[in-house]
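Handing you this structure, nothing more for now.
Note that the chains take the letters A, B and C in the order they are written out, and that residue 1 is the start of every chain.
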């Protein structure tokens, strides 16, 4: 199979998954007890108004017609209107994406920058103090709920020693960057950085721990393979054996794990945003669930599902480039 | 006319495992002349693979070379070492056990290179074959740019983590140069791989086993080594392919005149390729000599058993299990001070309860045997009674799997310390 | 199946691994805390109003805590002294933190074990069937699994709770019933929706593992032999395929208990568990009082971390000794 065909196949599978996600959500909404009209207007409102709203929402139609309408709307990117605020859900989702994206990217960067060196040290100096340190850190890291970690960071670094803010996002990254590029004023960027550090560390710790663990055990596995001995026999520098051969091969499977963990990252973002009042998708999702605002819940989860699928196709593509065997399998 | 290239005295390699100390190679002696094809033959578990790896310096924890000298005849190296470590030099010979680890490592690829049994697992699956061969070429290219007599040679580790990181952005910082890539293609062509330009860009999984073994030979030749150690080079291959690969090795040997140390369990391969043979049993050479010595004038009952068990010279010969009894235990506390073969030997006598020295035997000058039969006739009255060893041997199920000992015991987990434990972090 | 070799591996790894021992001791301690919560607790976890004379919450033993307040434009310092009655102090509404810690362990363990059980019950048959039959059946079933994976478990759990609401099932307390724990709540609420939901969002990992095992066993000679002797698929699945997939399922189940405890704590932190006797809920309650009563959030968090660590340590031990090839979600969503 060629790389293009492989990608096409994965994309088609991805479309099926997205369709599934969309359908599951439609089903969930349909089985939710209670009359959505009550969520939009006061229950005391007269029947005529209620009927009008029902008609506007298409709720008077048979369920399959609703389903087809829903799919048609989705195809053009229309996620409907929030019960609560009557705003278009597409807008409500998109306006919250940058905040969550900033958080997720910052957490991933922190995780990779810390975890890979830590994993390498741990995997190459087995049973030395550095290894014990790294393994203990990763054990605690994967065992700590991130909301509690966030609260403890607030307690220590925002309440006891007041060096970080307790939360909120006073400025968006893209605005701060624009300010910097147009006026050379770094203040906004620094404010952004100051506010994102605690949330990013909170969200990133689990992944740091996870990647450290995977890198360590991956390197130990990899060093046991015969090709490493064969490569050593060639006489190439140790640096190349360690990084070009062993670490590279260790990271290839880790990339796919990270793709699968993308959902965990977003789930973690929901909680982290709540802890730090970080105005992202997660905070909005919690709002939506508290108000049973199904169009909003649905819109956010569809968005998350699609990103998950897209990220995983990208990951598979990278994986296939790095390890061409998978294409043939 | 012939010139000695390797002289190994008393080499001992041990593995320190949970079950105890494994004497994979025990007080091992060997001489190899330049241009020779020397074969080491033995059952699996006899320590022959560990011997090969000890010579190339690829012993990994929990294994360790504990004793012995490996004298290597290389005038340039002798000159370079003489200043700092005169004790490691004897004329043009250098004792590889007494030079610095860095210098020892710098001999890999350029002085000693190795072909492994299983080509599929001996290539990195995620890099192209061309790239991997080019790495070996590059080792040679950089080495010849820094002649051995200069100090720079041992600093061949100058390719640092920094360079590696930079190489992701700056092609000029890459370890492997364009010239090496081209040479890699030439080498692929040399070993008979069709369309070498295209195949160089393919990954190992796209090669057949035989092709990949050819590629490994190309890789081993890239460093223009003095000694090529081939560890069961054909065992993993189909019979027809085996013959082709042996032909190729033969051809390359006569062209380049390089020295080959061939490790195999297959006497057919030995008969076809080698000038001299050592028969290995329980970590030591029990009989050695020219091909004729060993095949026609052998003295040792083990050699006898090996030869008796060949179904047909070129046959598949699978695992050779010529002689009744267990493969030798290499566990130190089970080996005892006797002829290690005594428990399986049909001719064992009381005299065999002492470890026999090496006796000269009839035939060529080199013919030597570690067996009392070289010095005295078999005497039935002194024979050891049947079942004698069943009692003296400790509980039989505790044997280290000889397969493990041969490949370098892989204990439960990978326990591979790095070359430079204090190495840099990224 | 549990062979002698597996047993000897387990005990050898256990003897050699300090961490496995630490994990076991911790887990036993937490199990005891949870099981005997009504007996060990010093106060009814629901009783409020344990404050000192100034109306401050008690800090934990060995701690005194200064808080500052502005009264009529003047800065007044209140010092809260611990009370020997409340080992770990009291919370913002004056409930005994120690007692609530014990009952919280109960909730976590119940949800962890029942949720994992549910996930096994759904996931293992699903995976076995998928892997055993292969082909189109497998393709279709794996797409279903893919769809499940595209929902982050926490997010899907939230959506499901949105649908079902937060139901709890009161489980009568045998200790109170037997009269050995007077003054304790007569029943413990099991967060039913949460248990159901965590099972529904994590079964897919079991399906994947079981599928892999089924696929590898499908073509074994003895399975083929059984088939040729006329055994039907159901018998083969139950007699041959299922027992062989037990080892990785057990390892994964161990790790999943930890993951589910984290997930439960996140859900209750977000306010969706339906019970107040939960570590996550307690942490959320304390978050607003970090300045005056930091221990309210801190103590239950330590409870979570220690339980999850202990289970992860045991999971590592099982993994190292049984060496199954599994991938799992890990304890992520928290």
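Here is the rule we use: a residue touches a chain if its C-beta (ideal position, glycine included) is under 8 Å from a C-beta of that chain, and two chains touch if they have at least 3 such contacts.
All figures in this text were calculated on a predicted structure; none of them were measured in a lab.
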Chain pair whose interface holds the most contacting C-beta pairs: A-C
Per Cα centroids, the chain farthest from chain C: B
Geometric centre distance via CA averages, chain C-chain A, whole Å: 23
Inter-centroid spacing, chain B versus chain A (mean Cα positions, whole Å): 51
Chain C contact footprint on chain A (complex, rising order): 13, 16-18, 20-21, 24-25, 28, 31-32, 139-140, 142-148, 151-152, 154-155, 159, 206, 210, 257, 260-261, 263-268, 270-271, 274-275, 285-286, 289, 292, 294, 297, 301, 304-305, 308-309
Touching residues on chain C, where the partner in the complex is chain A: 143-144, 146-147, 149-156, 158-163, 258, 262, 265-266, 269-270, 272, 280, 283-284, 286-287, 290-291, 294, 297-298, 301, 304-305, 308-309, 312-313, 327, 329-334
Residues of chain B touching chain A in the complex: 53, 56, 58, 60, 105-110, 112-114, 116, 118, 121-127, 132, 135-136, 138-139, 143, 156-161, 163-164, 175, 203, 205, 216, 219, 222-223, 410, 413-421, 423-426
Complex contact set, residues of chain A against chain B: 116-117, 120-121, 124-126, 128, 220-221, 223-240, 242-245, 248-249, 252, 322-325, 328
